[in-house]
Every structure is written in structure tokens, then in C-alpha cells.
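For reference, chains read A, B, C, D, E and F in written order, and residue numbers begin at 1 within each chain.
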Amino acid sequence: MSQKPGPDSFLTHFNARGEAHMVAITDKPVSDRRARAEGSIRMHRSTLERLRQSTVGKGDVLAVARIAAIQAAKKTADLIPLAHPLALTAVEVEFVDQDEPPQLLCRADLRCSGQTGVEMEALTAVSVALLTVYDMCKAIDRGMEITAVRLLEKSGGRSGHWRREA
Amino acid sequence: MSQKPGPDSFLTHFNARGEAHMVAITDKPVSDRRARAEGSIRMHRSTLERLRQSTVGKGDVLAVARIAAIQAAKKTADLIPLAHPLALTAVEVEFVDQDEPPQLLCRADLRCSGQTGVEMEALTAVSVALLTVYDMCKAIDRGMEITAVRLLEKSGGRSGHWRREA
Amino acid sequence: MSQKPGPDSFLTHFNARGEAHMVAITDKPVSDRRARAEGSIRMHRSTLERLRQSTVGKGDVLAVARIAAIQAAKKTADLIPLAHPLALTAVEVEFVDQDEPPQLLCRADLRCSGQTGVEMEALTAVSVALLTVYDMCKAIDRGMEITAVRLLEKSGGRSGHWRREA
Amino acid sequence: MSQKPGPDSFLTHFNARGEAHMVAITDKPVSDRRARAEGSIRMHRSTLERLRQSTVGKGDVLAVARIAAIQAAKKTADLIPLAHPLALTAVEVEFVDQDEPPQLLCRADLRCSGQTGVEMEALTAVSVALLTVYDMCKAIDRGMEITAVRLLEKSGGRSGHWRREA
Amino acid sequence: MSQKPGPDSFLTHFNARGEAHMVAITDKPVSDRRARAEGSIRMHRSTLERLRQSTVGKGDVLAVARIAAIQAAKKTADLIPLAHPLALTAVEVEFVDQDEPPQLLCRADLRCSGQTGVEMEALTAVSVALLTVYDMCKAIDRGMEITAVRLLEKSGGRSGHWRREA
Amino acid sequence: MSQKPGPDSFLTHFNARGEAHMVAITDKPVSDRRARAEGSIRMHRSTLERLRQSTVGKGDVLAVARIAAIQAAKKTADLIPLAHPLALTAVEVEFVDQDEPPQLLCRADLRCSGQTGVEMEALTAVSVALLTVYDMCKAIDRGMEITAVRLLEKSGGRSGHWRREA
């Protein structure tokens, strides 16, 4: 009942028989992990204007989306079948509104101390933040589109530091 | 304690005081609802080749992602703060691999009979499917990017039928 | 395997053998249900001042607590062992700050269309809102106290309308 | 994107392409559903004696297992990937201790009004009840064995009444 | 993307921009943590009498409430948006019935070994225990009131030992 | 408020007053834990034949059940009331089809590094895998029966190594 993928198993999430498993991290050392991810939601210019109004006055869409992102990060192992449960030690979520094209950018920065990385948690936080923005604005702009959800940087663990090329 | 947004409340997810609420659908009739959404994950050509191998032989990434999508659809009201709980009556998830640019497309088609639509469930299913693909392939291609997550079509309810323009 | 509590079973959540059960609501008609509940959190006068600052400027504690309340309402059947699952159709949460004694009052107003009432959902929403306020202010005031969590009014169902006496 | 399994698809949980889906129950009528299931846990005679003591005096193992069963029934759609979410309207759980062989029998009786049956909920309730008994007694009897978890009877829905032959 | 609240950010759950975040505990040492909390539910004298009967004979309300409390403690990070996930290592819940005024007192005593305290877990356990008592007795006493939910004592961590003054 | 069971408390999951608690593991050392469990589902010979077809061609029932098992293992502390939360570091699930009698055997092999064992996680994974198989095949064989769910082996912790006798 080996938990090491064999030489002809190309993806670590499958064992030598090609069956999905939660890959063994039992023997990996605990280290500080960090991941940053981002994503955007494209919208009509008028929707972006309304979002801008919302953040200065009543009805802060982004405050709701930020909470959704933090809570989703904590649920990652429940959403992603083969993800390992881990205990996050820090989550930051920020939004930047951009004009050309009109869109809202979300960035998440997460940390934990553990045997595996927090990339999935960061990408899940961003995705759910953007889905929440969609939910809150869909009555006025059903055509919004979530785009460019991607890892920016990760550090910690055996594979070390990785940074997306500009 | 009115639950109708007033004239200066531009987004239905906020009440007249600008506070987030679960908008009242109490008086809306039950009707058949359907939503279709899609999204893609861009990857290296070599990653796409490996995915193609995986679906024909051992280690079916897409079978795992499909299950993740169906389960995520059921968790939508837990992920999206102001979403109403609803009981899905059908979920279909399909994947299409595409060459130019190399990417995997996911489409979800959901139904329920209820007082509110299933758009968020469809978009959540697609997002989690693509996140799961990312998770399973990230060891070989950390730069993958989720893109074009969007609603294709919805029907049912007061706002009727909507279809994305080609 | 009778599901009706016998004459010597004084609480409906136990069957005739004195064993806990989810009481049968199978034959009850669907009706519109509504419940309003409230509760307070007492704090130092200086903590209340800081909360007031937070709601006008940066760092809106109550916006976070409101989202927590709405999400908790949806989780009620998961928290309260013998509660029936039900689909909420509206949730409103409001906060009022009060001076004598210094405290923050939370009120929740919930609706559903179902075979059982939403009292537990309303009380759960209020409790979790106040716990969230505690969490966010505990670094400056560990002695805060949650008090007077109670039902204000309920309507719908066989037992009809009930209102707390002033 | 047909949701009907084709003629060469032998299991309803897969579509014509052989892909898992949540099978469409959209057009099925709502009817009263009921399912009864049972299962046993075999144990050392001395463990059974201790369980019997526990239910008369302090430390009621079965009271804990009954609550676990009711809560698990509510989580069925979260545990079983292709199960439809449904709103239970009654749950009864009972235990019977038996001597030859020494074992504890658990029976669950569940109801809902919906478009699909509650068989999985009944079987899940029984399984989690027995797992909870295992958990609470494992320090004294690690060799216990869960056995004969099975449906006893179901009614409601297109497939009508079914009863296990004695 | 600093995770340290600046000098004009008065609450640690917000960053320097006034945005909610999961505050960084990454660099805090692991230590043994303990928190004790309590709360009460006031009720009619006759309800208290029934509760007393229930604990000696059939239908033990408090056994159900105790399980609800333990399970809720484990869900704290899912309920309280900015709470860190942590792994509890001990939970004790006790109830004391009191005559003047007639009420039921609940106390919870929790431990973990971690980078942050278990105060929220203890308060959540108490709140859900009392909500469960409300649920089980509400058919006979809708006017019950949850009161005096508060921290009694905490130890461990940088802020050291804290005890409520009598 | 002692957390040690007294001499007349026969089961560790109850305190000296006979009340359920999450037993204190606070002072136990962290060690590598492993547990292997198994269970079977008996079925008609024709159902087994269909399952065999499904795993070679379209519609892989076991791929779905495997994912359900891994996800259920992560939910164990949410399902089993007095179980401690723990962070799994490896999960393997395998299936073996057997002819006499016709049945499908499931084995799970789990690891974690923690203060308590993973036996419940292993048994929960097996149970949910078999329930998922039941769900997917129930339309053709409602009489299937889950049997012989049991621990095979455990290691780590104070009680050391345990292996089921053949």
C-alpha cells in the first residue's frame, strides 16, 4: 500500500495504480509557508462606478467579499478534494479598482506554518471574493466575467520560492 | 425594519440603510430555474497533454474535478454570504480540452425549483472545478491561470431568460 | 416506532421512550414563518466609543458581525442538534448602540416558508453577531458580556402569533 | 447537454458520456418519502455489559450516538457526492442490545417530503451512530465490527414501496 | 501588504487601511492555552422543574446540549469570520441549575496548544449549549432569555493570565 | 473541573460525573499515527459485474467513492461528536472486488502527526466510501449490505501498535 507515486505516475495526486489519494506529507518538515494570488472581475464601466460609490458610502460590497474570502480560505480542504487540512496563521485580502478595462482586482496574501503550501487557500480566497462581488452586483450586470485568477508568489517548503514572471 | 431597498439603495443586497441583508424572496413564486456557466484554465501545452493522457488511462483528474464541482454547488449558500439556501435538482459538469491557446474549458448546467436563481451555484461549481484542476496539476505547472468564468444562460424567475451574447 | 410524544413525555424533542428525536413535522402545513430576536453585549464605555468610531470610518466591526449573523442563520440546523433544516427567505440584522448602560443591541428579523418556525435561526443569528463583536473587540475589553438574548416575536404555524410582553 | 442516461449507461448517476452527475429530479413530483435502515456493531460480551450499565446510569453512550446520527442525517448531501439536498421532516433513532452474538443494533426511521428518497439519509444516520459507539468504546474494545448496515423499507416516489425480505 | 495594524488602527482585526483581516499570528510561539466561559438561561420556575426531572429520568436535555456545545466549539472558526482555525485538545461542559432567579448555568472549560487563545471557542460552546436548551424547551416556555455569557478566565499566550473579577 | 475520568468512570469519553466530554489530550506527546481499516458491501452478482464494467470503461463508481472517502476522513471530527480535530497527512483508499460471496471490499490507510489516533478517520472513510457505492448502485440493487467495517491495524501513541488477529 505504497504512498509514493511510481515512475509512471505523472501527477502526485495519484498513486502508482492511478488512483486519487491524499499524497503523503507525513515526513515533510514543518516550515513557514506563504502564498499570494490574484484575480479580477470585469464589468461594465457603470457597474464599476457603482462599486466605487459603494465603498465610500453605504453598502460596502468589498467588505462583504473580503469576509467571504477569509472564510473560504478556511474551507479550502473541504472544497478541494485532495487538499490537506492546514491551519492558516494570516490572511490579507485587498481590492483595487482599475479603469482600462473596467475591472476590480482582488489580491490575497496567506500564511501558515505547516507541511504543505497555502497556494490553494490563496486561490480559493480570491475566487470566492470575486464570486461574492458577482453575486452582489449581478442584478445590475449579469455579464461580468472572472478572469486571470492566478498565483503570484509562493515561498516555503521543498520547492522553495516561486514568483510569477511579469 | 423594511426589507425593500429604497430608491437610493442601488444594490439589492443592501437595505435602505446601506446594510447587507439576505434580500427577501418570501413573496416570490416558486418556478423552475436553470443556469449554465463556464470557465477555463490556461496551461502549458505539455500540461494539457498530460491531462489528456490522464483522462484516457489511469489518474483521471477530471473525474475528481467533476465531483468537487457538484459538491461545491451544494455548498454555495455557505460560501457566498448573502446567497439563499436552495435545493438543487440537477447538476451536469463537462470539460472540453482546447488547443489554441492550450486550455481546459469547464461548463456546468444546474437546475432547481425555487424562489431564486441558480446562477451563483453554476459559477461556484465551475470555479471549484477549475481550482481542483489547478490543485492536481500545480506540481508540474504552477503558472496556470483561471479565466473567463462567466454565466452563459439563465432561465426562470421574474427576470426571465438571459443569454450571453456571442 | 411512534413519533408522537406520549402523555408522560413532557418535551416534544423526546419520544415516548425519552429518547431525543427530530420531531415529526411531516404532516404540518407549509406556512409563512417569521421570527424576530434580539440580544445585547455590554462593554466599557470606551469600547463603545471605539465601536462608534469604527462604524463611521475605517474598520467596520458591525459589517463583519452582520455577515457572521446571516451565515450563522443558514447553519442553524447544523448547530442545534434537533433543529429541522429549513430554507430562509429573508434575513435582516441591525445594531443599535445604547448608552445606559453602555452596550450594543443586535436585532434580527428572519423569514421562511416552511413547516416549522425560524425562532432558532433568529436567536442563532443574534448570538453569533454578538460573539463576533466580542471577538473583534476582545483585545481591548475582555470583560464584555452578552446578555438578554431572547425572542421578540414570532408568527406563522399552528401556535400562531407570539409577542414578548414589554 | 442531456441529463437522461442513455441506453448503454447502466447506472443513473452517470450521463450518456459516462460522467458522474447529480441526476435530474427536476420533473419528479413531490411526495412523502420514508426510509428505515438498520445496522449493528459486534463487540465483546464485556463491552456490551458496560454499554448496558452506561445507559441506565451515568455516561449514556447511546444518547451521544443518537445525536450524532440525527446530525449526520442532515449532512448526507455533504457526505455522499451525488446525493440531492433535501429537508428532513422526522428522524427517529433507536438502539437494541442483543446477546447472541453480543451486539448493539441501531435502527433509523426518516421522513421527508421531496422529489427523491431518504434512503441514503437513513443509512448514513445508522453508520454514524455505530461509528460513534465505536469511538466511545474503542479504548476498551478495539476489535468491534460494524455489520449488516442495510435498508429495511422505503416508501414514496416512483419506485413505490420496497421492503427487505426476512 | 503589511499585516501589522498601524498606530491609527485601534482594533487588531483591521489592517492599517481599516480592512478586516485574519491577524498574523505566524510569529507567535505555540503555548498551552485555556479558557473558561459561562452563561445562563433564565426560565419559568416550572420549566426549571421540568428540566430537573429530565436530567434524572428520561429525556436528558442537558446531554443533548452538552454534545451541541462540544461540536460547536469545533466549528468556531467557521462561525466567527476572523477567528483562526485551531485544534482543541480538551472540552468540558457542565450545567448547574439555580433557583433565584430560576435559571440554568452553563460553564465550558477548553484547552488547546496553539498560537492563539481559545476564548472564542469557550464562548461559542456556552452560547450554543444555551441555544440548544432554548430549542428543546421552547414549546413550553418561549420567553426564556440567555444572559451573562462571558469569559471567566484565560491563560497562555503573550497576554498571559486573565481572570474576571468577582 | 477535573478532566481525568475517575475510577468509577469506565469509559474515557465521560468525566467523573458521567458527563460526555472531549477527553484531554493536552499533555500527550505528538507522534506519528497510522490506522488501516476495511469494510465490504455485499451485492447481487450482477451488480458486481456492472461495477467491474464501470471501472474499466465509462462511469467509474469507485473513483467517486474514493473521493467521498477522502473528503469524509477530513470531516470526521464534525461527524463524531467527541472526536478531536486533527490534520491528516496521508490518505489512501483502495477497492478489491471479490466473488464468494460477491462483494466489494474497501481499505483505507491514513496517517497524521498528532496527539491522538486516526482510527475514527479510517473507519469513517471506509463507511462513507461504501455508502457512496450504495448510493450509486441502489437503483439496481436496493438490498446491498455494508458489512465487516473494522480496524485492521493502528500504530503510534501511548497504546502502541495494534493489529487485528486473522
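Rule of thumb we're sticking to: a contact is a pair of C-beta atoms (placed from the backbone, for glycine too) under 8 Å apart; a residue touches a chain by one contact, two chains touch by 3 or more.
Quick caveat: nothing in here was measured; it's all calculated off a predicted structure.
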Subassemblies held together by touching, subunit D left out: one piece
D-F against B-D, pair bridged by the larger set of C-beta contacts: D-F
Proportion of interface numbers common to subunit A and subunit B (over half same, under half different): same
Inter-centroid spacing, subunit E versus subunit D (mean Cα positions, whole Å): 32
Subunit B and subunit E: spacing of chain centres that average the CA atoms, whole Å: 36
Touching two or more other chains - residue numbers and ranges from subunit B: 17, 19-20, 60, 63-64, 67-68, 71, 75, 78, 81-82, 87
Graph class of chain-chain contacts, one of line, ring, star, complete, other: other
Set of all touching chain pairs, with the criterion as stated earlier: A-B, A-C, A-E, A-F, B-C, B-D, B-F, C-D, C-E, D-E, D-F, E-F
Partner subunit B, residues of subunit A touching it in the complex: 9-14, 17-20, 39, 50, 53-54, 57-61, 64, 67-68, 71-72, 75, 78-83, 119-120, 123-124, 127-128, 130-132, 134-140, 142-151, 154, 162, 164-165
Contact footprint of subunit D on subunit B as seen in their complex: 32, 36, 63, 66-67, 70-71, 73-75, 87-94, 107, 109, 111-113
Subunit B contact footprint on subunit D (complex, rising order): 1, 3, 15, 17, 19-26, 77-78, 81-82, 84-87, 114-115
Subunit D-facing residues of subunit E, complex: 60, 63-64, 67-68, 71
